[in-house]
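Consider the two complexes below, in which chain A is the common component and chain B and chain C are the respective partners.
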Partner chain A sequence: MAATDIAIVGWAQTPSVERSTRTEPQLCMEANLAAIAKAGIDRHDIGFTCAGSCDYLTGGPFAFVANLDAAGAWPPIAESHVEMDGAWALYEAWVRIQHGDIDLALVFGSGKSSPSNPLELYPQQLDPYYLEPLGLDPLSIGAIQARALLDAGKATEADFAAAAARSLRDAMSNPNAQASGDHDPADLLKADYVCAPLRAHDVAPVSDGAAAIILATADRARALTDSPVFIRGIDHRIEVHQPGMRDLTSSPSTTAAAKKAGLNGSQIDVAELCALFTSQEVILRDALGLGASTTINPSGGPLGANPVMATGLVRIIEAAQRVADGTAGRALAHVTNGQGLQHNLVCILEGDR
Partner chain B sequence: MAEPEAASAIMMDHLVTLTYVEDLPPNTVRFAEGLVDGRIIGEKCPVCARVIVPPKGYCSLDMVLMDSSHELEVSDHGTVTGFTIVAPVKYYGQTKTEPFVYASVLLDGASGTLGGQEIKGLPADKVRDGMRVKAIWKAPAERTTDGQSARGWGSVSGAIDGFESSGEPDVPKDHYKDHII
Partner chain C sequence: MAQPAAIIGVGQTKHAKARAELSMTGLCREAAVRALEDAGLDWADIDAVVIGKAPDAFEGVMQPELFLADGLGAAGKPMLRVHTAGSVGGSTVLVASHLVESGIHQRVLAVAWEKQSEGNAQWGLAGGRSGGIGAGGAFAPYIRGYMQRTDAPEYIGWQVAVKDRLNAMKNPYAHLQLPDITIEKVKESPMLWDPLHFLESCPSSDGACAVVIGDEAAAKAAPRKPAWVIANAVRSEPSTFPGRDAVRPQAGVDCAHDVYRQARITNPVEEIDVAELYVPFSWYEPMWLEGHDIAGPGEGWKMVDRGDTEMGGKFPVNPSGGVLSSNPIGASGMLRMAEAANQVRGEAGEHQIGGARIALGQAYGGNAQYFSMAIFGSTLP
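On to the complex of A and B.
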């Protein structure tokens, strides 16, 4: 059965900041209210709500339940939650709308990382026998991946610096970015390593923030807006948990998801890639077969704003924004989850036709 | 073929400590400062007019963000809407040895109850729904912001040591029937 066409009709994100004094539900409510307003809908018409967040970040057991305060859950609503980036909440809502009995969904993702210490926290998500006792943190895994890429001759540190310079420069025009700046790649390469072979500019900052999207069926979308952004394909694929069992210099799950989502060599004008390290941008470009005709991360990407658990949903928002404003005819959003690009989602967006 | 000898299991302790350092949101800072000052602050929703104590910075029922302009003071007198007599069992961290009462208290002027409030000054079997109570404030110098958090639903425990009878007559059930929890 062919999938029902589903469009993005509203979106919003809070600014990404290093440390917010607002609670996670407060951040979520700001994003949700703005997305609902942009879509021009009555929240009571939403048939399904799905959120993505991680209780460990803010340190509140059942924090995701408190986040429901921001979902307009009165009168009672139908809702679900994923302990994943909000982009997977969007995937669940996309599947839910396929059932055919609802025409609007609210999706949101949120993360308040500032209370925790990511280097201490993240090893807890690894297997408890071999990896977690090592204290293997995302920065170290990112560095191992970058080293493998350099050793394989697939990239140079100058490639990494070029990606950082471009991203940070683009982030200067992103009002929601946490990090931005105009840098000469040659100057960036003079900095010390933070975790060799990665320098500070190679690593996404960690942000507090939230983002939300309103999904609609095609009919409802066309009634709401003249510029609906259609999800032409969406798919996600996963690889084994143990990083040592993978070729870290490639991302076959990204390639597989893109093929299932309908990429198939077609022109992509804008790609928003969830590259948490400059080295991952190199891997993802290769996995998706993106060439010079594709603009990568015009928002600045995760190097500019990385609201963990919403960073992927923001990729979809930034890609949708470019389709809606006519910058891109066809855009791709990539989202990742897990360690070293373990789990990847690809979403292809187009305007109406 | 001989059965292999059962290997003895190797046991390994693996304790995890995670450290969190959080800032209180502005609404909770003002609530905590009010408690230290002897005042209980709530937020009045501009849509449904419910007064939410402790304030969350929003009304979740109407999906409205709120700020200091929505704040007002509620009374430190209230009504017991429901209670549990706890007969403590010994578990790690339990400091109580005698039965005690945890009650829900609907403060005058608030639209929801404070949960888990200890009722003091009378035997557990004398506590009843509809009973009028007043806050037992700590001495001003002893009031702290303990119990405040950016997570969860707030607390008054840093400034209020439970509730006791106010001496007012019990109120009829109609007054609190929507708050029995």
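On to the complex of A and C.
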């Protein structure tokens, strides 16, 4: 059975900030209510709700339970949750709508990282027997990956700085961005390393924030809006966990997911890539075969705003926004999960035919 | 429209207080390999892997599915991680089933697990650093509420505790093996959370469960009988709010009615042959019988008292021994689904209910606020 076209008809994100004074359910509530309002639907018409978050960010078991207060779960709702970025909640909802018995779904992703220290936290995301005892943090893995890329001759530190300068400049026009600025790449290269060969500009900030999307069947979408954004394909693939067993300079799971999602060499006008390090942008461009005709991360990407567990959903929102406003005819959103691009999702968006 | 889906392979570990000889991966593989063997399949036949477990804080590994991907053959494939509190094992089966029902995949491996011995689940259940009261402490007032509402005598809980432990003697995978358990022993065991005695509570277990869900073609090619997923539903409601009925949560009522409607069941107690219900504390058996409209108000405990829920009764509940006998938390919900499926497959071994054709699997979680249910049939309707 071929997948049915599903459309994005509403979306919203909170501003990404270093430390929000609001609770995670409050952040989710803001995003959910705004997405529902933008879609112009009654929340009681939503047939399935799916959320993505991670208990460890706030440091409490069952932290995700409180977010249910932002899902409008009374009367009770059909609802599920993934311990992953909200983009995978979108995938689960996209699968659920395929059954044909519901026509609207709410998906949201949220993360409040400010209560924890990411460098202490993330070693616990690694294999507890062989890697966690090494205390390997995401910055170190990112640096190992960047070093591998440099050693392979696939990129230079100047390439990284150019990506950072472009992203931070684009983020200046993104009202939700946490980091932005107009920098000369040559100046950026004068900064000290934070973890060689990475400098501060190469590393995404860590943000508090939430994002939400309303999905609709094609018929419902056309009744709701003149500019539905259709998900033409979506797929995701995971790779082995051990960084030493992967070629960190490539991302075969991204390539495989993109192929399955329908990326066939035709023009992609805008790509929102979940590059948490400038070096990952190089790897992802290569894995997706994106050339100079594709605008990369016009929102500024994760270097501007990185609400962990919603960063991926924000990529889909930013790509959808540009299809809806006519900037892009065809857009691609990429999302990653785990360290060193272990798990990748690709989603291809287009306007109505 | 949704395509038919069926459980075509089931596997579970021997559940125990500590499976110290196994890593987390080893534990999951013990169940997964058995499910694949049961389905007559190999790792390469699997299109996608869905992994479920309760809070990561129980073992102290954040998103452990990322490292489990290697050992569960997920590399190169889609992998999803589900977390819906105690109902997660049930939800994981449903997410996997949806991948097949939607026509996206043909054969999906679902694995749910907990290795409580590697962490401190009691600390986690009590909210970690926020210092809550734990599952028993949370549920005991609801149990008291049920007893007051229905005039249920205190020995009903003791009866369920004995019945499920004696059923577990017929299940070689069950953690607790208490052949000498009696009503008197349950009554005399220490009071943990009034009215719950020690022997009315589930154990802390290491364990995993796995199922292979296949489409119609995969089910027909399978070496053993499939369990058709003839209905499935989830419902959630907030943890607490004024006017919430925590004894009979509306989400549980709605979820049950959704699966009965899908399965065209109008009289559950007559039309369902056997049920595997998530009963971590003895009293939840009569509470769910009423909370899912299997019994009328105040009739659930009378079904227990009459022996209706024993293996030879008119509505057997938890012939496997249930959560009261094995509680690898994340896997406990999937075990309900797997045991219900095995009943209609005729694969339940010594705890098989003769002639079972329709079985209900149920799991709940959080503050009795998350529900996942499925009805399995021996034939495709």
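Definition applied: the second predicted complex is superposed on the first by the 353 of 353 C-alpha atoms of A that agree within 3 Å, B and C clash if a C-alpha of one lies under 4 Å from a C-alpha of the other, contacts with A are read in each partner's own complex, and residues count from 1 in each chain.
Keep this in mind: a residue touches a chain if its C-beta (ideal position, glycine included) is under 8 Å from a C-beta of that chain, and two chains touch if they have at least 3 such contacts.
Keep in mind that this is a model prediction, so the values were computed, not measured.
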| item | value |
| --- | --- |
| Contacts of A:128 with chain B and chain C, given as first, second, both or neither | both |
| Chain B versus chain C as contact partner of A:3, first or second or both or neither | second |
| Touched partner set for A:264, first chain B, second chain C, both or neither | neither |
| Chain B versus chain C as contact partner of A:22, first or second or both or neither | first |
| Which of chain B and chain C A:96 touches, first, second, both or neither | second |
| Residues of chain A touched, compared between chain B and chain C (which is higher) | C |
| First, second, both or neither for A:69, with chain B first and chain C second | both |
| Touching partner for A:59 - first (chain B), second (chain C), both, neither | both |
| Chain A positions touched by chain B in one structure and by chain C in the second | 56, 59-60, 66, 68-69, 73-74, 121, 124, 128 |
| Chain A-facing residues of chain C, complex | 1-3, 23-24, 55-67, 69-70, 74-85, 91, 94-95, 98-99, 101-104, 124-125, 127-130, 233-239, 241, 249-251, 254-255, 366-367, 369 |
| Residues of chain B that touch chain A when the two form their complex | 14, 16, 18-26, 56-58, 60-63, 65, 149-153 |
| Parts of chain A lying in touch with chain B, wherever the complex brings them together | 19, 21-23, 25-26, 29-30, 32-33, 43, 56, 58-60, 63, 66, 68-70, 72-74, 114-117, 120-121, 124, 128, 133 |
| Parts of chain A lying in touch with chain C, wherever the complex brings them together | 1-3, 54-56, 59-62, 64-66, 68-69, 71, 73-84, 88, 91-92, 95-96, 98-101, 121-122, 124-129, 131-132, 235-242, 245, 253, 256, 337-339, 342-343 |
